[in-house]
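Residue numbering begins at 1 within each chain, and the chains themselves are lettered A, B, C and D in the order written.
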Amino acid sequence: MRIYDLATAEQDFIAEVAARSHQDVRTCYQCGNCTAGCPYTFVYDYSVSQIMRLIQLGQQETVLRSKSIWLCGSCQSCTTRCPNRIDVAKIMDVCRHMARERGYATEREVKLFADSFLRSVERHGRAFELGLMVDYVLHSGKVFTDLDLAPTALARRKLPFQPHPIVGRDQVERIFQRFRQGGAHA
Amino acid sequence: MRIGVFICHCGSNIAGTVDVRAVAQAAKGFADVVYASDTMYACSEPGQEGIIQAVREHNLDGVVVASCTPRMHEPTFRRTVERAGLNRYCFEMANIREHVSWIGKDTERNTIKATELVRMAVEKLRRNRPLTPKRFDVTKRVLVVGGGVAGIQAALDCAEGGQEVVLVEREQSIGGKMAKLDKTFPTIDCSSCVLGPKMVDVAQHPKITLHTMAEVESVSGYVGNFQVTIRKKARFVDWEKCTGCGLCMEKCPSRKAPDPFNEYLCTAPTINIPFPQAIPKKAAINPETCIMKQKGKCGLCAKICPVKCIDFDQQDELVTVDVGAIVVATGYDLFDWHKYPQYGQGRYPDVITSLQYERLLSASGPTGGHIKRPSDGKEPKTVVFIQCVGSRDRSVDRPYCSGFCCMYTAKQAILTKDHIPDSQSYVFYMDIRSPGKAYDEFTRRAMEEYGAQYVRGRVAMIYPKGDQLIVRGADTLAGTQVEVAADLVVLAVGVEAARGAAVLGEKLRVVPDQYGFFVESHPKLRPVETNTAGVFLAGACQGPKDIPASVAQGSAAAAKVLALLVKDQLESDPQVSRVTPARCVGCGKCVQTCPFGAIKLVEDRFGNPKAEVVETVCQGCGICTVTCPQGAIQLEHFTDNQILAEVQALCPPRIRVNYAS
Amino acid sequence: MPKVAYYPGCSGQGTSLEYERSTRAVCQAVGLELVDVPDWSCCGSSPAHMVNHVLSAALSARNLDLAHSLGMEVVATPCPSCLTNLRNAAVEMEDEGFRSKVNALLDRPYTGAVDPQSVLQVLVEQVGVDEVARRVTKPLTGLRVACYYGCIMNRPPERMRFDDHENPMAMDRLMEAIGLEVAPFPLKVECCGASFGVPRGDIVMRLSGKLLDAARGLGVDAMVTACPLCQMNLDLRQRQINAALHERFRIPVFYYTQLLGLALDVPRQELGLDRLCVDPRLALGKIKAPAPVQ
Amino acid sequence: MSASDSRELRIVGFLCNWCSYGGADTAGVARFAQPTDLRIIRVPCSGRIDPLFIVRALVNGADGVLVSGCHPRDCHYAEGNFYARRRLETLKRFLDATGIDPARFEYTWVSASEGQRWQHVVTEFTRRIHALGPAPLLRHVSDGAWFDAAAPAAAGPACPCHG
């Protein structure tokens, strides 16, 4: 087990999470309600209330390298039921942002799928499902992903072969470009 | 005037952020100040002696102490100056602790502020007059509102102390919540066995007059002389005659009346005695469900009653009593857990409250003391208790701890095992609060001896599966989610102010805190007194309290009442309004506005109407002073001149301009 | 006649085409006019807000702006995921600081105050359950269903401000209005596994499996959803779930608009019942006055 | 911007003894830090506050005046705060006419247990007064009989705040 030296709490990290999420992490009193309701606990390495605690303790590395922040489904159960009205799901989101910015990807496939999705949107203006699946398979190397579903999906005409390009495609593309150029610090 | 000024260090409480010497030095320059010094602890014995010495040595006739809030030590120092031979109203305080040193850290600013507050006090004092209190007679009778265990204790102790007691209870029987409990922690003795005899004592005590199904309608007067009107609700049974035989209950065909005593777990006959040990043991009719009252026929009870005491035409009755003191003991009510939609909001009959569970455990309850769950009457084998429901939860505006639910949950877990040996209890908790004598040992027994499984974490949701309820919570010690399939879920619902407390508080001029509990005069030093002289608090109406604490407070309030009523006469506060007849034009405006009816119009010897204040009735609010168009009625020590002088001390006039310029 | 802007969402072009089309058909049948947001683009879905909130809001804001240019105050979307993004963007942009960051990413700054709502909300609040019931020509009696709302349509309540967040009833009431028997489904707002189907299928197997299990426990003939992602996880992936959990679920999963369409006697080809993966014919056969399939 | 960074301004508070003065005490006991500008005058009841006191403070150069009493219905004297409310409402309208910015005057309700609320009220009001800056000199009023201690009688029936 990891032993934390309490004196090494990274205050900057605590402050950054608080500032970016607009949540006061100190108000968490570890009741566990978020964990109690979180449907994803079974795949987490740290339960969501433990993530909250680790943030309070300023344990940046443990939090940002955890699997949990990638596996959170943003289902809002934690936020809805927190007795201290903490928007926990938003904190999970913010941790994900920070992990990404530091180049971490503890759950590689989750990250790659999001990347593929956004690439698809950037390219076509809308998500093109077949295209993004192909993109994802190429990037992740997971060739067998959902291959079993392909016949059904195709038979039910669920995956059109053509994207639906839109006129304002380049407007969307520019959103991404400006974002990458650092147009948004949040 | 020859004024002395004393600046208190309060150890480092004041001196830490106020340069007390500089303040004293500055005070020497104020008008009429002939002596100024600083002192380590003004309220301590040497501190007070120092003041007395200075008064004598410097021939002072007025004293200013700059220290803590006057709400704390004004009476102390008034006594001090009196001991020094001055009139006790030739004294003023400047609050340089709560309002200065404790709220700011900047010594320079604090020192300036403290100096100005001292100047203000000096300016006020310069306009003080010596005052002498009047004396008035005390009514030797006490009103106790609320007949829970706290009210019962207060009533019995007052009666034993020789005072007449009027006990007013809203419900049909006294006993409060304790009467509904099965056993009580930390000893697991039977609730009705310990409370029952006390209830009987109330009924039999010659000095106690009991009014149940009654509420306080209005209150007027002041300490020593309250006039109280009590509304006794129509019960449609002549209680003078009713013997409590219960024949009517057996015969009444309308048996679906709500049963608040059993926490609505079952229904009751429309004419009912709520429980066998009820005091008074008298029947009453619920007019909502009575066939006679609703449809004009039936009357079976009237036919069967052997003493013919049914009276369908009975009306509410108003009773007036004069009392010298009032004890408020209105207890608490339970948080409405339906505000938690994740616990089913009443969709699942087997999710019940702790108090409902007490009724299921109680031999006098709807199941005769056998634990049967509401949905199908089956005996539950797995019982889940959830603590802090409606407590310590900001999202439902209940951030406080309800104090005794940890303890009664442990009790209920123990009793569950007693009743059903092959059962398993689970208790979801956040912390265990068991600070009383033998309390923690008790909760440990629940775990160690009775095998209750304690799980540290809240419960996020309850949902049905088959005929069970899946309780999904967290075990934060194990760091993960847990689930358990329960046959019965008991919510340890939190405590909140008794319904109607706000209205009663208004009548008694007792202030509720932001959650509706009545505020005591001082949280440490005057826990059963209120800011309204002669009105005392006992039990859970002041904040969550278990039975031992409620009883202790009942006795404490009684001691305060007895100390008050032992006096034949009381002194009235002479800081009251006074009329200058020469100015008064007799317009009567003040008479109309005085909330206490303390002013009357009298004729002077020329037959002109003039206002006159009844000194013992005036409460010193000063509303009349503002109302009077002539400035003829002035509140002593808060006169227009004095307040304007204080304003002037803080804001010296800075404009010296003429219209001409 | 009530009229709102309409944002179909990307999945309506592919995996949930039948939801999209039945939604349009039903709205037409009950007299709710949908005005398409012209040249709408993707809201970014969950991937965007997992990357950055400003980026996510900007992708939504472009669409809010287009809706605004239609002069419409409400934009309705059938997809709860789109709804969450659009609404988060709309609410967070009430903060000027945030809005300016978002606008910095856009060609044209968004200045409007369009309120995004679900089509379900618009149907219940602007058309009304009674009005829908009044227009029913083929009541679907004999069928017992469980309504599943998904995790984000009503949560968090301060943000979504529609229906009860633990026990929403909007869909239940609509389904009852068209003659269905609605079982009280206890897991109405439990997450189905969301968009983890592709990268972490195991999560969906477990979470959606729980939902199917609960529905089976209630003895229902079918489940009803209002979300393309939920529907896909429960329906398209039901075979995968069966394989992973050694189960034999065979529960058809409808979009609520498909059933509404049946009851309102909307042309069958608009409802796309043939696109469901778990064959619904057995269930539909239970309807008392059988509604023929195709 | 914290108010205490800049020069202190002159703010006068009139507080009723039972509720707000107690609330200010509670805030002190709890060590809730507050700007130091405010000086508190204790009165038995907000109903004792003659609008003239406020006018006088403002005319004499106070930069702000804060009145605080018991919450409506909680008045220790049953109804004093209703009278206060009526008078102070009138005063607000009256101030404008005299050339004093009504924003320099505020009244509020704080109970004895609401230390935190008191801290908030003081901080916010002080911030507001600092935003307004020091009060301008009132050139059109002279220091005549207006300020006499006997003024209430003189201002009496004609004064719109009375009654």
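Everything that follows uses one rule, which is that a contact is a pair of C-beta atoms (placed from the backbone, for glycine too) under 8 Å apart; a residue touches a chain by one contact, two chains touch by 3 or more.
As the structure is a computational prediction, the values presented were derived from the model and not from experiment.
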Comparison of A-C and A-B (more C-beta pairs in contact): A-C
Innermost chain, taking as reference the mean of every protein Cα atom displayed: B
Inter-chain centre distance, chain A versus chain D - centres from mean C-alpha coordinates, in Å: 52
Chain centre separation in whole Å, for chain C relative to chain A (CA means): 22
Chain B, residues touching no fewer than two other chains: 342, 461
Multi-chain contact sites of chain A, meaning residues that touch two or more partners: 42, 77
Chain B residues touching chain C - in the complex, by the definition given at the top: 341-342, 345, 347, 461, 463-466
Chain A contact footprint on chain C (complex, rising order): 10-11, 13-15, 17, 39-42, 44-55, 58-59, 62, 98, 101-102, 104-107, 151-152, 155-157, 165, 189-191, 193-203, 206-207, 236-237, 239-240, 274-277
Chain A-touching residues of chain B, taken from the complex the two chains share: 342, 392-396, 430, 456-461, 472-476, 479-482
Of all residues in chain D, those that touch chain B in their complex: 4, 8, 10, 12, 17-19, 21-22, 24-25, 27-29, 31-36, 39-45, 47-50, 52-53, 56-57, 59-62, 70, 73-80, 83, 87, 111-114, 119, 137-139, 141-143, 147, 149-153, 156-157, 162-163
Residue numbers on chain A that touch chain B, as the complex places them: 27, 29-38, 41-42, 46-47, 49-50, 77, 81-85
